[in-house]
């Protein structure tokens, strides 16, 4: 099952600057073979369900190893079975109607 | 790794009444050995990471089998390594300060 | 326009224990005339749109006044015009189908 | 108070194709003077708190007028008072560390 997801990860208890941690999670996603598309409030990924969620687990684990006592993620997860659809398809579909 | 999570699942393309689908997902969570705590905008679960996410995958799969062409989940995911904490601990901790 | 919402607020840069801040936000919601229903990963409220969002702004403002340099909220917001529905109705509707 | 937000809006009960509704909400945000940055799972905006939330209310209202009986939004909302920060600053800050 393919999934398109949006991951917003917040390490808690490591101060106010979080970008170092976000960057490490991006690298975890890339090493999982995903092509994360970073935006101002999260990062988009698309891929097989198990690949995406194994990578997310890796993000939580590595942020804890870096010293974050708590890690909080907000995630949007979309699956569809009626037809194939990429992240770019979703964007294009809206932009054509603007 | 233990996780406390909040799952809000929306089947898309099945009309306006979603409770039948939410109920089926609750049952998937229960059959996974979790004790979901349903609230007005989602359901809380706590357990081992892999148990929670395997159950979530089961929710998406069964909603597709029930005829939902698209399924969208919003999920809050929390892990912590500084100390054990249950869902009830989290609630109690706030209520003591009210 | 009535809204049913779920608010999960995270002050960033104030250490690992957040319950003091969550409790203050609960009080802001109560003082706005709302009856927040706290759960393990957020709090549910129902009311007029402007009341809910004015209260949420008050939460961000008071957490900043308490010293949080950053405040991050994840919110689920639901409106419907086909029929009146309370938070309890939503829960009952699912539970009847379990 | 400035806010950086990420809005993911789902009209419920209007079938499986949602892009027409998303496009209308983008236009509401643009007409509010915001510069929404659409991505595969939502749209990012930055601006004054009241401008952003008045526009979001407009999105819910117009989607109901278009026939959606229910509208569900998931929103990430960030405020900070320690220093000014734009959406592009947030992205650049992570990318510099990749």
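Chains here go by letter, A, B, C and D, matching the order in which they are written, and residues are numbered from 1 within each.
Going forward, a residue touches a chain if its C-beta (ideal position, glycine included) is under 8 Å from a C-beta of that chain, and two chains touch if they have at least 3 such contacts.
Here the structure is a predicted model, which is why all the values come from computation and not from measurement.
The angle needed to superpose chain A on chain B by their Cα atoms is 180 degrees, rounded to the nearest 5.
By number of C-beta pairs in contact, C-D leads when C-D and A-C are compared. Taking each chain's centre as the mean of its C-alpha atoms, chain C lies 19 Å from chain D.
One inter-chain figure worth recording: chain A and chain C are separated by 25 Å, centre to centre, where each centre is the mean of the chain's CA atoms. Shown for chain D are the residues that touch two or more other chains, namely 8, 13, 16, 69-70, 72, 74, 76, 78, 80, 82. By the touch rule above, chain D contacts chain C in their complex via residues 1, 13, 49, 53, 56-57, 60-61, 64, 69-82. By the touch criterion given at the top, residues 8, 10, 12-13, 15-16, 18, 69-70, 72, 74 of chain B touch chain D in their complex. Of all residues in chain A, only 4-6, 8, 16, 19-20, 22-23, 26-27, 37-42, 44, 46, 74, 76, 78, 80, 82, 87-88, 90-91, 93-98 touch chain D in the complex they form.
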